[in-house]
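What follows is chain A paired twice: with chain B in the first complex and chain C in the second.
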Partner chain A sequence: MSTPPLVDVVVVGAGLSGLTAARRATQLGLTTRVYEAADRVGGRVWSTTVAGVHVDLGGTFVGPGQDRIVALAAEVGVSLYDTYDTGANVVRWRSQVKRYRGTVPPLGAALLDVARIQATIERAARQVPCGRPQDAPGAAALDAQTLGGWLRQQHASRTARDLFDLVSRTTWGCDADHVSLLHVLHYIHLCGGLSSMLDTAGGAQESHFVQGSHEVAVRVAEQLGDAVRTDEPVTRIDWDDDGALVHTDRGSCRARRVVLAVAPTMRRKIRFNPELPAAHEQMAQRWPGGVLSKAYAVYETPFWREQGLSGQGLSDRGPVFITFDASPHQSREGVLLGFVGGPQGRAWDELPEAERRVRALASFADLYGPKALEPIGYIDQKWGADPWTGGGPCAAPSAGAVVPYYSHLATPVGPLHWAGTETADRWSGFMDGAVRAGERAAVEVLRSISTQADSTQADPTTEGAPA
Partner chain B sequence: MTWRREHTELTTASRDAVWRRWTTASAWVEDDPSLAAAELPSDLRVGSRGTVKNHGTPRQTITFTRLVPGRAMEFVINLPLARLSFPHSMTETEHGLQVTHAVELRGLLAPLFGVLVGNGIARGLPEVVRLVVTNALAERAGSAPATAEQGDRAGS
Partner chain C sequence: MSTPPLVDVVVVGAGLSGLTAARRATQLGLTTRVYEAADRVGGRVWSTTVAGVHVDLGGTFVGPGQDRIVALAAEVGVSLYDTYDTGANVVRWRSQVKRYRGTVPPLGAALLDVARIQATIERAARQVPCGRPQDAPGAAALDAQTLGGWLRQQHASRTARDLFDLVSRTTWGCDADHVSLLHVLHYIHLCGGLSSMLDTAGGAQESHFVQGSHEVAVRVAEQLGDAVRTDEPVTRIDWDDDGALVHTDRGSCRARRVVLAVAPTMRRKIRFNPELPAAHEQMAQRWPGGVLSKAYAVYETPFWREQGLSGQGLSDRGPVFITFDASPHQSREGVLLGFVGGPQGRAWDELPEAERRVRALASFADLYGPKALEPIGYIDQKWGADPWTGGGPCAAPSAGAVVPYYSHLATPVGPLHWAGTETADRWSGFMDGAVRAGERAAVEVLRSISTQADSTQADPTTEGAPA
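Moving on to the complex of A and B:
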């Protein structure tokens, strides 16, 4: 039997994080191999064409402060354009449809309460140290409750609670009752506040990519060439302090270091030998991915613009609860993007394709009128059903799952290093976080290999990587 | 005086399947999480009486006032100085079948009962209509009916 090849670093997962780690490691002079379980690269970024129009099925928007994804995109020649943000937004709330401007919809007297809750959350978020939520004052108590539980404790109005459910669904893919308050506060702090997280102009939805976010992943993978192996899930990793032997169904590869750039819950699909410390398995169980789906309808023109509407809408009716104008750059077609998530999202995901389509279009029509029922193309993407990304948009740890496990997300175990957006120290959960985490992991690996080389030189009895 | 709230879903479910759910007692309990029990006569006709029991409340008599197979159904509950009715309708459109459930109060005390009981019922309408059409679809596909838990109660 031939000896498996040896590389400096094997990267598990060719999402934006893994690809960035491999790219940066290569730039740092390390040899790499990337294993990707799916038959394509990109993970939670993916795209397709509907009625001749490009649409992003996963991660789409970027905004100010997300400079690492923007820089990576620029390096591979993928450009940005502004999200359409002209005209009035529209909200359907308690059966009434209203137009409004800005991020916060006109919800009558309840608006004051929403502002109170928002200010309280912002203040509390600033108390949570970035990258160390477990060290926040009162961390255990914050972690012991969910965002929903806390809202009730604050006597938040029903409207404020419903509104934060929508925020929670878009951001974590679950209702406010299912996500740790500590995680929410930490996440918001990592984004620089609620406004930069939720706004279009000046916020995380400000722009999107002309060629699509998936194209960034595709171009990085092209540059990495043969090093990237798709359709090859990593099944087992044998490791010791000197390195690892990474197994797939097609063979194995020796590596001085491994970067695991998969979603936390996906770590469970890999067998480790010896086993990882127990907290790792528990963390993978208690940091599940959210459930968020996307529906796109392509129209001959962006007809809502003629009505003075921006295409940004909010609805308490569902199944689509938030919409954006995702029309292509400098093209005549109009595209409405709708997010479907939370408990309604799970039920919608189960429906046959034709029924999902009818219900999503009915949601668009609720906000933009009957023309929305007549698209020239339609597609939806159910991330909760994706076998390798573990759902989306990102992990949603439940109450009590942050304090005991956060430190295990990114701390290396022997030669095993961790990447993926959830491990990022800024914009965790976003494409930018994925890129940051990949860059961090590559540098970490280089340091670790250099340190080992130094000590090997100093100690002539030490041997190289494991067989 | 009339007080009315309604909810409409657009669906690919068939008229027949929706009609069966409207006229089968066991389906009422599956499609409306607030119902503990429902009894309907087997040969439904205008004037037929049945009973419904919501969780934690006494059994109530309902009377069917409209039955147009594949199109419309309505039943009423009489309250002191008000009439609580539940008009159901479906309309075929070029985009799919529109299924509407409404709650209506008529009479002197309609506005009062609207606040007391109507709003609560109206809040549950979206979930009920979605369960009706989802379970009507499942009937065609031959799978188990959806429950409120799998279903889609918005908010907490």
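Moving on to the complex of A and C:
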């Protein structure tokens, strides 16, 4: 058998984070190879075409402050356009349909309570140091609770709890009852606050990509050329302080460093020899991936606009509970994007596609009338059933999993470095966080290789320097 | 290439549950093969010898009502003896050392509060239907909380919270802040109450095995002979409704049914083709393994007995926080067993062995005096670092993971059946639960194969029956 090839960096995972790491590593003069388990690049970013129109099945929106994804997209020639945000939003709540403006729906007296909860959360979020949630005042007590448990303890109204469930499902892919409160506060702080996280204009849903977000990944992968191998899951990594031997079903590759740009829970799909430190493995067991689905209906025109509606809607009935107008740039079709999740979403996920379509369209019709029942195209994507990402939109640690384990998310282990949006120090959970983490990992690898080279050169036992 | 061999049942995992499943399947007339990833059988049951004395590194004790493990042990000739329970227990708490009798230590006025919490828990546990925790009244709200979060909400005293943290660490291998309250209540109900779970005489620590618990596994494996293959991890399982093709690094085996007798979190170490249903995978991401360590010190004699002490102790200092007298049957040596866990335990786990030894012995000396510093043998076992069990003593679902996912723990998927103590309908988390689950899975497989045979025979399209 021939000796496996040697590169400076093997990157595991060709999502935005892994591709960025490989791209930056290449720019820094390092040789790279990228292994992707799925048969496509992009990871939790994926687009397709329905009735001739682009839809983003995964990460979609970008907003102010997300300058790394914006810069990367610009560098590869993918452009942005504003999310349609004209007209009234619409909410279906307790069987009533109402129009409203802004982010917060008109839910009567309950809104006072929502405002109280929101203010409490914002205040608490600012107390959680970015990148060091375990050092927040009272971190253990915050981590011991779920967002949902805390809302009950605050005697939040049913309406406030239901609203935050919708936020939780869209943001973390889980019910408020499933996610550590400390993680929620840290995440919000990394976004710069709830408004920045939830708003369309001025917030994280402000714009999206003309060619689709997946095109960013595709173009970066094209630049990397043969270095990117899809449909080739990494099965085992043998490692020591000097480097690693990375195995796939098709062969092996030696690497001075490895960047694992996969979600925390997916790190467990690889066998490490020697095993990862116990605490790392324990962390990976406690940061599960989210369970969120997206449904797209494509129409001949964005008919809701004629009714003075923005396409932004909210529903307590489901299965679709939040909608956006995701119509293409400079084209006549209209596209509604709906998010599906929570207990209803898990049931919906198990239905056959035809049935999912019927129910998703019924949700759109609840908000936008019977015209919504007659699309020219439909598609959905169940991230909770995606085998190679471990779920989406991102990982959400369970209660108690932040204080003991957060520090292991991104701490290198020998030659193994970690990327993926969960490891980002800003906009963690977003495409921007994925890019930031990839860039950070590439620089980390370069430093580590340089340090090793320096110490090797300075070491008289290996260099045989004169005494 | 030759056709892989065909058996009725492949069992994955040669812990007590898998071995029992294979044994029962064999007794029912089915052919079996057992694949074990580690180089030994037993899984979370393991014994070794220190200074010539048997010590149980994993599952140790059995108590009243645990009749399946007792019956199995009797059938293979492994006998029980009573845990030493004579004399006073000892507690070190807030720097004071005191003697006491019974399960609950003398912690002054705080005891009233402990009793209140205990009664509340017992009452709530009885409301959780065995085997159907998701149907408990208010299940979602109970599941949305951790035990620790709930204790804070009950304004439990610091002492009560600390005591329940010790219970949580020993029982579920995690802090009270990390485990679903609903799971805690269900688990307690499956044990028949807190006393039954925590007591020595009359409870789950009443007796242990003369030859060591591991000997039960070893003897069952011996009976199974060549059917058991150790050091052979299953890497992939291809399956359809008719059966499965089970792959290891060394070859493949066809099976009409597969029993996966591995902890929930370890199910993710195997590639399934087709993938498991999404909800099953989501469950496995949310039921992490425990992080508990055990330290054993062997002495020339059980010197604490001369001081009128039982060897049962409790400490709020750690790293050892609970001790038992695990001295051998009819032999002069004395053995102290100590449990290590929680935040201190995670730090202790990362120390080199010599340092772990020093600190564990210091804990023993805190309770039993300086003689404890001079053992003739010492060993410890870190279950949180064990690669092929995923942790120990058992899996503990995080908050929110019971209501949506409990039903997936044991529900068969095509030809795939599930065992392991977590799937047991009594004494889940104990050796007894492991045996119960293995027996249940074997019967389930037999029924499923019989049903298939019946329907095949009755089906004219395959039998060519006359019209």
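As a working rule, the second predicted complex is superposed on the first by the 459 of 467 C-alpha atoms of A that agree within 3 Å, B and C clash if a C-alpha of one lies under 4 Å from a C-alpha of the other, contacts with A are read in each partner's own complex, and residues count from 1 in each chain.
Here is the rule we go by: contacts are C-beta pairs under 8 Å (C-beta built on N, C-alpha and C of every residue); 3 or more make two chains touch, one makes a residue touch a chain.
Since the structure is predicted, the reported quantities are computational estimates derived from the model, not experimental observations.
In the superposition on chain A, A:404 makes contact with chain C only, not with chain B. With both structures placed on the common chain, the touch criterion links A:305 to neither chain B nor chain C.
When the shared chain is aligned, chain C comes close enough to touch A:279, but chain B does not. When the shared chain is aligned, chain B comes close enough to touch A:361, but chain C does not.
In the superposition on chain A, A:116 contacts neither chain B nor chain C. Touch criterion met: A:95 reaches chain B, while chain C stays clear of it.
Put simply, more of the residues of chain A are touched by C, taking chain B and chain C as the two choices. Look at A:148: by the touch rule set out above, it reaches both chain B and chain C. By the document's definition of touching, of the two partners only chain B reaches A:161; chain C does not. Touch criterion met: A:177 reaches chain B and chain C at once. Taken together, the two structures place residues 148, 175-177, 343, 346, 350 of chain A in contact with chain B in one case and with chain C in the other.
Looking at the complex, you find that chain B touches chain A at residues 5, 9-13, 95-96, 126, 130, 134, 137, 141, 146, 150-156.
Those residues of chain C that touch chain A in the shared complex are 140-141, 143-146, 148-149, 152-153, 174-179, 235, 265, 268-269, 271, 275, 277-279, 281-282, 285-286, 288-289, 291, 343, 346, 349-350, 382, 384-385, 387, 390-391, 398-401, 404. Against chain B, the residues of chain A that register as touching in their complex are 95, 148, 158, 161-162, 165, 175-177, 316-319, 342-344, 346-348, 350-352, 354-355, 358-359, 361-362, 373-374.
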